[in-house]
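Shared between the two complexes below is chain A, which has chain B as its partner in the first and chain C in the second.
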Partner chain A sequence: MEKSYISIENVSKVFQTRKHSIAALKDISMRFEKGEFVSIVGPSGCGKSTIIRMVDDIIKPTEGSITVDGFTYDNNVPLSSEQIQKLGFIFQIPNLYPWFTVKENVMLPLKIYGKDLKEYDERANSLLDGVGMLEYANAYPAEISGGMSQRIGVIRGMIHSPDILMMDEPYGALDESTRETLNMELLKIWKDTGTTIIFITHNVEEAVLLSERVYVMESHPGRVIADIKIDLGEERTLDLIGEERFGEYCTEIENLIGKIELAKIK
Partner chain B sequence: MKINSKAVNICAPIIVIILLIILWQIICTVTNISFHVLPKPGEVGTALVENFRGTILLDTMASVKVMLIGYCIAVPLGFVIAAISSQFTLAVRSIMPVLIILMLTPMATLVPIFKLFWGVDPTLKILIVVLQCTPVIAVNSLSGFIYVPEAKKELMRALGCRKWESFFRVTVPNAMPQIFTGLKLGCILCTIAAMSADISVGQGGLGYRIQVASSLSATDLAYAAIVVAAILGVALYMIVSVIESRIVTWK
Partner chain C sequence: MENYALKNKPIMRLLSTGLPPVVLIIILLAVWQIACIAGNIPKWMLARPTDVGVALTADFKELLPDILSTYINIIVGFLLAVAIGLVIAVLISSFSLLSAALTPLIIALCCIPMVTLVPMMMLVLGTGPDVKIIAIIIQAFPLVNLNSVVAFINVNPERLELMKSLKANKVQTFTQCIFPDGIHGVFTGIRLASIMAMVTGVASEIVGGKAGLGSRIIYFINFSKTADAFSCIVYIAVLGILIYGIISIVERQIKW
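Let's look at the complex of A and B:
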């Protein structure tokens, strides 16, 4: 079978603690095509974050393999340094280094990848301006608010124009209006650049509004229970939220997640 | 003037020191205590000026030499011990208790044993300073190196950094506050160790001068040497603090 742009094949992940081994993911297979915007939703502990951490080779799968753009890696074979530059990762927390200024934090991936920082100066300023943080470029993370830090964490993941952007509940700590603004900005970036986006969220409405497809997962151990295509057209705006079909998608996904939770209670 | 302004930070301790000197003068005058037990501040000052060229300057130079050479060896040594052991869990567990034991051992007490091995050698004083300062620098640096938040390490892995690259880019800057705590404690122990070494080994130095002057009842000279030793310790501590404020700018 022809491989997709990103293929996760029969991946399992077991975390070893001192006393227990915890099966976080069991025999997961997922596919992402080039330029797709896919969300992964599911209850807490279903392994959503673990999946993208494995795609970014932050943690290793216990079993199975992952292929990104023709390069396969697993528990033994690491992702090559050339391939890793194609990926961008945005954390749930800002995860800024306090010893770097805001701009130095944004430029960090470029510095590590050995890029000429001067070439990217304009791009960094434009991204900072886009999130209203240009005037804080020389401030230290301790001098800005949590919401501001989160926005810096988001643009740090995008600074090197990655082909694949993985976002781990990036807007969880932000207020509703900032979240909506950044979501719309993200859609614009996605359309303009054709970046493949894997978006982790527990907010079903957010997933339906942004994505072309939504993977629904269950927990203990984490498994994929549905792969839902969101057919809401290319033009995604906040106006969609009031539409009937939007509501139907949300209800379908919420029901799936609700069934899981109910099944656990029973 | 604001309570946390720079001028207040500088003036406040100076005023306290002046008040303590005044209190010292008052105690000497009121109690009429013997000059051989507690000379007046003015007498100590006079002894300092009168003996500065003859003995104190030479003793100060000797002590500064021991302190600086010892400290400059202890800093990289402590750092390297911490850096290497931080890479191995077993090393952290086995070396940390040994370092703590060494840190708490007054090294000057080992001088009689060292003398058996090497006789009375001037480099023995440097060895005492090195042995006293290295563990405290290593223990603090090691504590900083091993407590790096997982998220900070994850970002390095996400960017494909190798272990050593991650160490210098994240572990070291993250540990800077603890490293400087170790370096500042090292300054204190360095002064104490140098004075103890002077007393135990002899052959010049401020500690030696304090001991000799006391035994000759030249208490004013002993106090003058103590004042200079204290100034040396404070000066070293302040130099390290200034370097810290230049490096750890993000706090």
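Let's look at the complex of A and C:
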């Protein structure tokens, strides 16, 4: 069978503590095509974040294989510079370094990749401007608000124009209005750049609004229970939220997650 | 609003932070002076602050070589202790085998009062400044080292995860994340080491030095010149305050 752009095959992950083994993921398989926007939803502890951390090669799977753009991760072979720069990761918390200014934080991936920072100065300014933060470029993280920090965390993940963007509930701590604005901004970036996006969220409406497909997961151990194609057309705006089809998708996913929660209570 | 503006003026800041300790010291000196006079305590037993003040200026020229000797030994020993402590901390936090081998030894060094070893070291190395500098280094570097290692090992895991995500190498991870994250722990070690360097430096001179303020204190006490002995203590305190102040000023430059 031909492999997708990103293939996760029969992956399990067990975390070892001093006394216990915790099975975070059990035999999951997922695929992501180039340029796709896919969300992963599910209850807390279902291993959503673990999946993208494995794709980003931050942690290794206990079993199974992960292939990204034809390269199957191997514990003994580190990713090449080219492969590393294909990946972009946006954390749940902004994770800005307080010893760097806003702009230095945005440029940090380029510094690590050994790029000439001057060449990227214009891009950094453009991204900062895009999220309304250009005037705070020389401020330190302690001098800006939580929402502003989150925006910086988002553009830091994009500064090197990655082919694959993994987003771990990036807007979880933001207010509704900022979240909607940034979601629309993200859609625009996705359409303009053709980046493959794997988006982790708790928010079902957000997943349906943004994604072409949604993976629904259950927990203890984490497993994929549904792969739902969201057929709402290419033009995604906030107006979609009022439409019947949008509501049906949300209900379908919420019912799936609800069944999991109910089963847990029983 | 006006009050707030006034408080932010440098002169007002200086008065609000600098004045209280100065006033307290003046009060303590006054109590000391009055107690000496009221209790009719002989000057050879306990010098009066005014006598110490006179000795400070009168003895300065005579004490200058000793002041320089003590200051140079302590500063050189302290700076070397900071450098050695930091380098070993970087190695220990990077290589677990080295940590297992070195940590018990460093803790042991920290616990042995170096003053007890100085006479034995003098048998081998003589009574020159190198013995005192070595004693200071051995006693002070473990404090920089242990505090730095704890700071480096306990780096914020989320900040470290960003480095893992970017696939930063060991040097990049240390310079961009671990070191700045643990800088305040390093400064705690440096601060403690400065105190230890002062104590060890002067104690080494008391135990077996021919030069330096420590040996002069013993000399003056032997001749019941307590005012002169106190003037030596004041010169030692000045160095201690200077080093501590410089460390504080440097640490204040860190914005996080």
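To be clear about the criterion, the second predicted complex is superposed on the first by the 261 of 266 C-alpha atoms of A that agree within 3 Å, B and C clash if a C-alpha of one lies under 4 Å from a C-alpha of the other, contacts with A are read in each partner's own complex, and residues count from 1 in each chain.
FYI, contacts are C-beta pairs under 8 Å (C-beta built on N, C-alpha and C of every residue); 3 or more make two chains touch, one makes a residue touch a chain.
Fair warning: this is a prediction, and the values are worked out from it, not measured in the lab.
Novice: Based on the shared chain A superposition, would you classify chain B and chain C as clashing or fitting together?
Specialist: clash
Novice: Check whether A:108 is in contact with chain B, with chain C, with both or with neither, and answer first, second, both or neither.
Specialist: Touch status of A:108: both partners.
Novice: Which partner does A:91 reach: the first (chain B), the second (chain C), both, or neither?
Specialist: A:91: touches chain B and chain C.
Novice: When the two structures are overlaid on chain A, which partner does A:99 contact: first (chain B), second (chain C), both, or neither?
Specialist: After superposing on A, A:99 lies in contact with both chain B and chain C.
Novice: Identify the partner contact of A:245: answer first if only chain B is touched, second if only chain C is, both if each is, neither if none is.
Specialist: A:245: touches no partner chain.
Novice: So, does A:34 touch the first partner chain B, the second partner chain C, both, or neither?
Specialist: neither
Novice: Identify the overlap between the chain B-contacting and the chain C-contacting residues of chain A.
Specialist: After superposing on chain A, chain A residues 56-58, 79, 84, 87, 89, 91, 93, 95, 97-99, 108-109, 112-113, 140, 142 contact both chain B and chain C.
Novice: Touching residues of chain A toward chain B in the complex: what are they?
Specialist: It comes out as residues 53, 56-58, 79, 81, 84-85, 87, 89, 91, 93, 95, 97-100, 108-109, 112-113, 140-142.
Novice: Residue numbers of chain C touching chain A in their complex, please.
Specialist: For this pair, the touching residues of chain C are 158-159, 161-168, 172, 176-177, 180, 254-256.
Novice: Note which residues of chain A are touching chain C in the complex, please.
Specialist: Touching chain C from chain A are residues 56-58, 78-79, 84, 87, 89, 91, 93, 95, 97-99, 108-109, 111-113, 140, 142.
Novice: Tell me, which parts of chain B touch chain A in their complex?
Specialist: 151-152, 154-155, 157-161, 165, 169-170, 173-174, 176, 248-251
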